[in-house]
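Worksheet for the structure shown next.
Should a chain be cited, it is by its letter among A, B, C and D, assigned in written order, with residues numbered from 1 in that chain.
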Amino acid sequence: MDTIVYQGLTGLTAAMFLWLVSAGLTIAFGVCGILNIAHGVLYMFGGYFLFTFYQLLGLNFWLSILLTLISVGLIGLVMELGFLRPIYKEPIGIQLVLTFAFVWIFDDLAKLAWGPVSKIVAMPRFFEGFIRIVGRPFPIYSVFIIGTGIAMAVFIWLLLDKTWWGKSIRASALDREMASALGINIRTLFSGAFVFAAAIAALGGALSVPLRVVGPGIGGAIIVQAFVVTVIGGLGNLKGAFVGALIVGVVGAFCTLYIPVFEMFIIYIIMAVVLLIRPQGIFGEIR
Amino acid sequence: MRKRKITGLVIGLAVVLLIMIIVSFVPVTAAPPLKQLPLKKEVIKIGGQGIFSGPNAICGRSMMEGARLAIEEINAKGGILGSKIEFKYMDCELKPAVGIKNARYLVGEWGADFLIGHDSSGVLMAVGGVMPELKKILIGTHAATANYNERLVYREKNKYCFRTASPTYQDATIFAKVFAKKFPEVKRWASINCDYEFGYVNLALFKRAMKELIPDVEFVAETWAPFWTMDFTPQISAVMAAKPQGIYTSPWGGEGVQLARQALIMGVFEDPNVKLYINCTGETSDFLMGMSNEIAKDKFHGKLWVTGRYVLTQNDLPINKHFVKTYAEKYAMYPFHCTEGAYSAIYLIKKVLEKSRTLDVEAVIKAMEGMKWDTPSGEKWIRPEDHQAVYPVPIGRPVMDPDYPLMPVVKDLHWVPVKEYYRWPPFEPSIDEIVKAELKR
Amino acid sequence: MSKLKRLLVPKRIPFVFWVTLIIFLFVIPQFSGKYTIYMVMSILIFSLLCLSVNLLLGYTGLLSFGQAGFYACGAYGCGKILLIFPQLLPGIIGGVVIAGVVALILGYFCVRHTTIYFAMITLAFGMMVWALAMKLREITGGEDGLGGIPRAILFIHSLNMEPMENYYYFVLIISLIAMFLFHRLVNSPLGLTFKGIRDSESRIACTGISIRNTRLLCFTIAGMYAGLAGALMAPLETRVTPVCAHWAASAEPVAATIIGGMYTFAGPLAGAAIFFLLKDIIVRFTEYWLLILGVIVIILVLTLRAQGLAGVLQQSLFSRLRLNFEGSRNERSDIKH
Amino acid sequence: MNEVILSIKGLRKSFGDFTAINGIELNLRPNIITSVIGPNGAGKTTLINLISGILHPEKGRIFFKGEDITHLPTDKLVKKRITRSFQIMNIFPRLTVFQNIQLPVLSLLGKHLKWFSRSDDHRDVTGEVNKILEEVSLLDKKNMLAGELSHGDQRLLELGIAIAPRPELCFLDEPSSGMNPSESARVLELIKRLATMEKTTFVVVEHDMDLVFSLSDWIIVMNKGEIVTEGEPGQIRENKEVREIYLGEEL
């Protein structure tokens, strides 16, 4: 029993990173209707920027996170304004190839900027140490991650459900013409949403570096998992993204404990099963 | 209007394409043979490849730097028998198909006389497979699968393939032999291994050796980590649930750093039960650099043990001192086995050509078999049967050392005689059989 | 007479072009080095993969990001067969069949969806193939993959395919046949049906055609083409490893297809050649080839847009020639719907 | 006059809390032109969508010549010779006009899965297609891309695709929308001719009242998802309720 609880918690920690990335992916898709393969790269940049601000420049941890979000948000803005905006109306193939080319470019840029050695930052002092759960040490940082993940979930929910901005986002996600008729400026809305999505991914990346390394190619790895999560949860559905991330994270963790041999493709099995039962994903609408 | 522009652009593109085609079709004309040089060639071309993209780019780059270092030294001293060395290094992208493509390009188009490098076993095996067709010599300098020397060379008689880096199994076997003596009380082992060849072989050999030495040894938990694992905490907590005394891990490079780091954060090293934590090839620069903070603070309480196929503190030979010094000056980093492998490969080529005094492949192979030459990791010997370099490597613990300010180094070295841990012809039972037997999966 | 006219006249320019190209391809080995032969082979194989992508993307309006999965199925299938039974043709056919079967099964999940959802699911399934190839060591040889695949013989020992040149002609002929069949396919009623699905799903249903089954059929055929590409690759490289199923490998043919022009037959072929050569040249000169290739791809995509090279050419250069032809005419792609 | 080609029993469909079709009972007589009229949101288009299998009803049954077709998918219905046209333009914009008609004809003759022969080499198909193009008078434009046609021609093409499978029962959703008088006149006489020559039963949803009254043999008036009344054009013209529904509109 204790083992199960503990394993579940570790799985939860892993799930939260997945959630943050898939959340950004989902928003970018839900609003702008664009599938951004380069989203994982934004996660990677989150890590690199935190490394730069916190490790190299020795800034305060929270300040570094803030700066990271801002800088990656700017990158997102450039991407949206410069490259994605012209192709919103083009077939998705164009979008995917374009964003995929970004994966290549950003990977090499990261290598030019930070070198090929993967980077990791020292754990902030106030996060060192553990709390005892079922008599086993559980890192405070993981608790913090779980907390942040859930907090973000609530925050995003409030933002989309309660604020005017969120309402107009959902409106334009449903029907752009209608939204613009209501006097919503679609263009700025899209930019805003995309930057927000980028920032969420960056947060995931930033929070990951004290625990994980960041190096060229990380983005590609995380995006695939995020895709699977999104497919499981239902495309363009935040609730789905959250639940999907939990499923993948926790089930994966238990798989590691009981049938480690399947660890590698368990997520694909989950996906296949979900698709078999609910083709549109757990929370997806039939279209 | 826009149409016009596009038309122009299209024509432009067509021209570019044409040029590209021409470029790629022009066969490289080899330098005219010069009678006075014993090798009948002004330049000896050495082609190499390794990973430049992705998280393991450090390996590919270090090999390139190591080779460059040696080549510059040799060329400065007038080259090999008067012939200068020319070097071209390409990205194999960790893809065998690309590796083969590069090899074909380097030999077929660019005119390479030797091929060196290769990080991934898959790529090395693939390229080795086409060498008989290309009829040039391939020297592996990093990828360590035992299938290369035992299956490809020894069984399948592929005489074109050589390797200067030691094979996978040294990690596992040396650990087993050392710890069985040093910590006989550690009997409960758990493992976190790469979910691919490298991990399988490591664990299988470690189990086998341990069982021989400590009959009542237990392997209480086996977990696996696929490529691109970013979060090892599930593996770690699963392993810790089994209350092990020793933990054997094989993820390397960046992944190795994450694993050790996450183990640290999850209190593995604080746990009194855990006596030993092994990381294979933990001597690589990226691992040591990634861990430098923790090592400086001695967070590991001396429980972290690493191996490497070359440890820069392993001897005081002048060649080693010189190698480390010049490399550190050039790249502000210490060399590790990738660097050393490539560096010694170039010197191997030098010595062999000086002996054979010709570039004729058959003669060169003859000269290479059984060749002994000096490298930073001491004298290496090319075993004739499987073209594998044989040399001693230690295990040890990473520490900060005032003599080496740039990053931690491995000290407190333990050795096992070469005879005892290398596998020898006829290589029975084969690695695959051992893996099958040890990991019932 | 009029039939003859229809057969020849409208095709005169393309006809001449194709014939010269084919002749050129056949004489290449006479004057060029081993590497060129190898490269042309790779391009041919790559263009087959692009065709398979285009059948889905350009003709049926489905973007698959998992074709590398079927490519790998073909490669492993062919490799496995050749290792057991060294006869080239059975190996190739076996590979194609296996890929087709897998495509049929996975297609059942995929074809219920369209656009981005379809792309994501195919990508995920492609990665599943990768994971399986990694995992089933007894069958696939794990990370090291299947090695020592022979190019074997074609029926009789005198037709030994081990030498590059011989294998080159084999690949050339097979891929030419495949391309010819593809051309027939896309100009056939079935091809028209595919295009109909691409243009308007709801309408195609109202013409009495079952969308899902037709899509599944298309997906399977595309899978078989990808499989053929893989099956031809296995003996060429003599080794198959999981990485050829990785999603990054699926993205390249998509990029090539779009650059070449997805709504045309020749587009993907041109795209394949351009993309391959671009990469081949750049890689020789810089360690940061990804950066440069990425930039070039972005520029191309943003300038050519959906039409791609072929579309633009067709529109700006050949349009005058084509207008007054009777019979079917390659549809242009600059009309949004 | 009591034979029935299509009969609907208690058909019901609602979107959320809005009931689009509320328990409709209906019997259609064959070989005549029936018009369905009613104000916007009366549920006319929904009715057609339900019958043609694009939407699925919650309650009720639909019988075609006594056979239950309630839950058949669209393509199966076409095989039973029930076709429709769309209110919003729904053609194949990137195909030529010729190919637009070719598709339904191919599937009608069960040749749409032939993969080796060139689609133009099927003489019978080509002949049939030309005939239909003749009927919708687009023969001269057959090599143009459908997307490049004028609006009126696109409507005609729409119609052409609908009648290509030689339907027994054909629903036309606002065939004359956005047409100038001359074009709609052309549509009108085309429908009439087909009805008489091909023995096709037409059900037309239309706003253009002149068209409706000069076209139909029978008129069904819908409002708020229910059938208000039905009858000969004469009766409808006199009907009080209808006048109320079309308050102010000149019938």
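Note that in this section a contact is a pair of C-beta atoms (placed from the backbone, for glycine too) under 8 Å apart; a residue touches a chain by one contact, two chains touch by 3 or more.
These numbers come from a predicted model, not from an experiment.
Visitor: Which other chains touch subunit C while also touching subunit D?
Guide: Chains that touch both subunit C and subunit D, as defined above, do not exist here.
Visitor: Just to check the components: without subunit C, which chains are still in contact with one another, directly or through others?
Guide: So the groups, subunit C excluded, read A, B | D.
Visitor: Based on CA centres, what chain would you say lies at the far end from subunit A?
Guide: So the farthest one, by centre of C-alpha atoms, is D.
Visitor: Mind having a look at which chain is the central one, using mean CA positions?
Guide: Centroid comparison flags C as closest.
Visitor: Quick check: how many Å separate the C-alpha centres of subunit A and subunit D?
Guide: Each chain's C-alpha centroid was found; their separation is 48 Å.
Visitor: Just give me the whole-number Å value for how far the CA centre of subunit B lies from that of subunit C.
Guide: 36
Visitor: With centres defined as the mean C-alpha position, give me the subunit B-subunit D separation in Å.
Guide: 72
Visitor: Please list all residues of subunit B that touch 2 or more other chains.
Guide: Expected reply: 52-53, 195, 226.
Visitor: Spell out, as numbers or ranges, the residues of subunit C touching 2 or more other chains.
Guide: If we look for residues of subunit C contacting two or more partner chains, we find 131, 134-135, 290, 336.
Visitor: Give the residues of subunit D that touch two or more other chains, as numbers and ranges in rising order.
Guide: none
Visitor: If two chains touch, include that pair; go through all of them.
Guide: Every pair of chains in contact is listed here: A-B, A-C, B-C, C-D.
Visitor: Which part of subunit B faces subunit C closely enough to touch in the complex?
Guide: 3-4, 6-7, 9-10, 13, 17, 20-21, 23-25, 27, 52-53, 90-91, 94-97, 100-102, 104-105, 108-109, 120-122, 125-126, 129-130, 133, 145, 147, 152, 156, 195-198, 200, 226-227
Visitor: Could you please specify the touching residues of subunit C with respect to subunit A in the complex?
Guide: These residues of subunit C touch subunit A: 57, 61, 63, 65, 109, 112-113, 115-117, 119-121, 123-125, 127-128, 131-132, 134-135, 247-248, 251, 254-255, 257-258, 262, 288, 290-291, 293-295, 297-298, 301-302, 305-306, 336.
Visitor: For subunit A, which residues are in contact with subunit C within the complex?
Guide: Residues 29, 35, 37, 83, 86-87, 89-94, 96-98, 100-105, 107-109, 111-112, 220, 224, 227-228, 230-231, 235, 261, 264-265, 268, 271-272, 275-276, 279-280 of subunit A touch subunit C in their complex.
Visitor: Would you pull the subunit C residues touching subunit D in the complex into a rising list?
Guide: By the definition above, subunit C touches subunit D via 6, 181, 184-185, 187-193, 195-196, 198-200, 202-211, 217, 263, 325-329, 331-333, 335-337.
Visitor: So in the complex, the part of subunit C that touches subunit B is made up of which residues?
Guide: Residues 32-36, 38-39, 42, 131, 134-135, 137, 142-145, 147-148, 164, 233, 237-239, 241, 243-244, 249, 273-274, 277-278, 280-281, 283-284, 287, 289-290, 300, 303-304, 309, 312-313, 315-317 of subunit C touch subunit B in their complex.
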